[in-house]
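Take a look at the structures listed below.
Shared between the two complexes below is chain A, which pairs with chain B and chain C, respectively.
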Partner chain A sequence: MTTSAFRLAILSGVLALWEIAARAGNPLLYVPPSAVLPSLVNLVALRSYPDLLEHVLLTAREIAVAYALAVAGGVGVGCALGGHRVLGRAYAPMLAALYAVPAVVWYPSLMLFFGLDAASKIAFGFLLGFFPITLAVLAGTRQVNPHLVTVARSFGASPLAVFAKVLLPGMLFTLVGGLRTGLALAVIGVIVGEVLGAKAGMGTLINHAYGLFRTADYVALVLVTLVLIVTSDVLASLVERRARRWTT
Partner chain B sequence: MSEARRIRLLQVASVLAVLAVWEASARAGWVDPLFVAPPSVVARAFGAIGGAALIALGDTLAKTAVAYTLAVGLGVPAGLMIGSVRAVHDVVHPFVVALYGIPKILVLPWIVLLLGFGTAPAVAYGAIHGLFPILVLVIGGVRDVDPALITVARSYGARPWQIYWKVILPASVPSVLASLRLGIVFCLLGVLIVEMFAGVRGMGHVLNALANGFQAAQLFAATALVSAASIGFVLALDALNEKLSHWRG
Partner chain C sequence: MTVADAELIRIDGVAKRYRTASGVVDALGDVSLAVPEGQFCTIIGPSGCGKSTLLGMLAGLVGPDGGRVLIEGQPVTGPDPRRVATVFQDPGLFPWRTALENVEFGLELQGADRGRRRAVATELLGPLGLRGFAEKYPRELSGGMKQRVAIGRALAIDTKILLMDEPFGALDEQTRMLMGEWLLDIWRRTNKTVIFVTHSLHEALALSTRVVVMTARPGRIKSVLELPLGYPRAMESPELVTLRAKLWSEIRDESLRAMSES
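Up next, the complex of A and B:
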């Protein structure tokens, strides 16, 4: 009770201070919270950006494709490296080293290769999502008791059956964690790509509003993008909870 | 042949195979050399961009160093504090998690608007980028300290500063070290993003300019340079990690 009161006090204090400071300073630069509300209404009523829905859908589609590719690639590569000892010991350290590179250095090359359209954003979202999923699958396969795999194999289970009946339930816990991180990173990848250079999508709108000094519109666009991001995360957490219930 | 050597051989062979396929497909014209330069051309491009790229890399690393110092200097003490004082933790933790979860790219245009182009936004954004992962890791590490250790220390009459110095700090060393390792990649990432978005100097700016100029060979060479520097840092921090874990015993 008191903690939530404190939290509320902090939140409203910050907003109030922001409002006062922004009005005292330059309202165009510091964007008082009260100025955001009308912009948000204009935005959602499709007055300031009439084609908002197209951009939201494009960004959502890019995220979906990038994430689907990242899951397919990550689970595939992770299982291959986790299932084969020599392959795992050879390539897992190389993957880990590549993971230590700040991924944005690849983006200019991707932009050069895939152009300014959706493909380069999908490629970058895939790249960001791929690593955590692969590493989670790799860690997951190592958690599974190898005797279980041996027993299943010696009783004649096919590789697919071993995967579905032994590996998957054994590593589900780690896997869903990796899948959720992967989704968050794929989302970030797509949006970073759009902000750094694109023709359409939420990142482009944000850049447009910022470039024209329409700062209140910019904040409203950021809020809409956050709704998109939070929705994706809530969906992921529902799936995660479902999966956890299934394992226990 | 021992397994370690077989693995090393496999690694070298696969890197060579990738380079060979890449070279062959560029030469055979399967990919447009305008967009994908073959490795032999990239190797020569190192010479062409060498000096300028090293200066730009130095510029980026200097900004990263300042951002990293800020992020660690703020993040580690604040994390220790939030993690160890229960009342503060209960109130502040949801804010930290929420701020950690928000993609920082969304506030980048605003930071550039406030701080202009150049060094200041890069340092600020790099520091913000590194701060939250460090905070979250350190808080988690302090919270995971076995409460029995603290109870025992307290019942033997340890003073608060002794509990910090003798129990909480040594017990949270692994998570602090992990946060230091993670933080540097995040700071470098933040600095590079700003340089690409609104840079006038530095490696991010160079990469972007090369991409916009369709200079694929130089672009790949510059990308390799940044990647190598980053991997070097992380390996160095790993080595340090190894050393310090002996100290903890």
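Up next, the complex of A and C:
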């Protein structure tokens, strides 16, 4: 059996089980796939939520901004800590400790600080994406053979040239892994932020449908969100594969 | 010739002490040496006597603890790739660059355009015996090939001074002799000043105009042997056989000392 045939079989199996289990329970809480399908069609046809596209775009924009900030901050802080021995020794353990704290605990204070609009979602997505990127850059700078930096300096490389021609290619392998994890976490941050409290965005719609017991709509919305997330991850994995082929 | 041109390199009472977590190492103690332009000056001495450290000072990568290093009368304060190129003991090739791209590295930093970089690097690969390996990555090259790429990378920026730290150390003896002949040829055509570190008596006697023997750590200069002989040298000639015996007796004592101390 080919992989895709195998996947199809598993998927149909799961859907069948879901259908059977859902029909046995309370139809308000348990929706069978057969009920989700019409909801999904209504959703995509912009009948149940006519402004769906705006919400999708808002969420995508929040993710893009949060991720861009996380990359810039993570690469900057990671390089500073990795390149500067004293700074690294002082702050790297703190960073690792902060990363271990479940990030949701910060969210209430972010909402207080940034309000209910996009800013708090962006801040939360940034917060989640920032740590894995910083730690990957930090690990990456330590992975680069210091002799290569010496060699580059002997050929007259400025600090910027050392970064671009030695550090960056030397840590690319580790960096792309961190960038991918960072993206996944930034996406989670933004969507969780929206679910926990927002005026617009996919998370808000999900929360709304769920709150009104429109369970079939809720599942359909989750599926659309899932497509958004999977698309971003597929893109990231393509970039990652290309980068890995280039470095090794 | 004025005194100023005669002394391209002047090393004046330099010393180096490394402080590490595990203790203090006196690597070099009070070394003074003047090298006129155009010399092929070989440094030979027991392992750990500070030869690489001394080259590092000339390259502007290691700061001396005492004394000073002058090139063309100016104190060395940092790397100066317009005057000094280095072949390191550990070749230190960039793993993400092909052999050709590694050779191009210095020219790229100097902003040379792509066409010229390619041309210079390609021309160097031939005599280095790497013509068919231009597109290979370091991990696909043997140890000796890597070392030859590193030599090409240093030659590509065509400097007045060439520092070579055991450049043929990873080569088999036949290749070593051929590479020595090739280096001599370049040196004689270009009037470069070569500072060359080796552990091979044969190489020192076949190539150098001057051999500097260093003591065991902390390295000092034990003696300097001038070799005002032509090329190619008949290594079996009575003159060279005598010189070889003399050099060996100097180095033997120091190597014995270094071994008994470590």
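Here, the second predicted complex is superposed on the first by the 237 of 248 C-alpha atoms of A that agree within 3 Å, B and C clash if a C-alpha of one lies under 4 Å from a C-alpha of the other, contacts with A are read in each partner's own complex, and residues count from 1 in each chain.
Throughout what follows, a contact is a pair of C-beta atoms (placed from the backbone, for glycine too) under 8 Å apart; a residue touches a chain by one contact, two chains touch by 3 or more.
All of these numbers come straight from a predicted model, not from anything done at the bench.
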Touching partner for A:L148 - first (chain B), second (chain C), both, neither: second
First (chain B), second (chain C), both or neither touched by A:L58: neither
Chain A: partner with more touched residues, chain B or chain C: B
Touched partner set for A:S109, first chain B, second chain C, both or neither: first
Touched partner set for A:G156, first chain B, second chain C, both or neither: second
Which superposed partner A:V166 touches (first chain B, second chain C, both, neither): second
Which superposed partner A:L175 touches (first chain B, second chain C, both, neither): neither
Shared chain A contacts, counted only where both chain B and chain C touch the same residue: none
Chain B to chain A touching residues, read off their complex: 3, 6-7, 10-11, 14, 35-36, 87, 90-92, 94-95, 101-103, 105-110, 112-114, 185-186, 188-189, 192-193, 196-197, 203-204, 207-208, 210-211, 214, 216, 219-220, 223, 226-227, 230-231, 233-235
Residues of chain A that touch chain B when the two form their complex: 3, 6-7, 10, 29, 31, 86, 89-91, 94, 97-98, 100-109, 111-113, 184, 187-188, 191-192, 195-196, 203, 206-207, 210, 215, 218-219, 222, 225-226, 229, 233
Chain A-touching residues of chain C, taken from the complex the two chains share: 59-61, 79-82, 84-86, 88, 90, 92, 94, 96, 105-106, 108-110, 153, 157
Residue ranges of chain A in contact with chain C within the complex: 145, 147-148, 150-157, 161, 165-166, 169-170, 172, 246-247
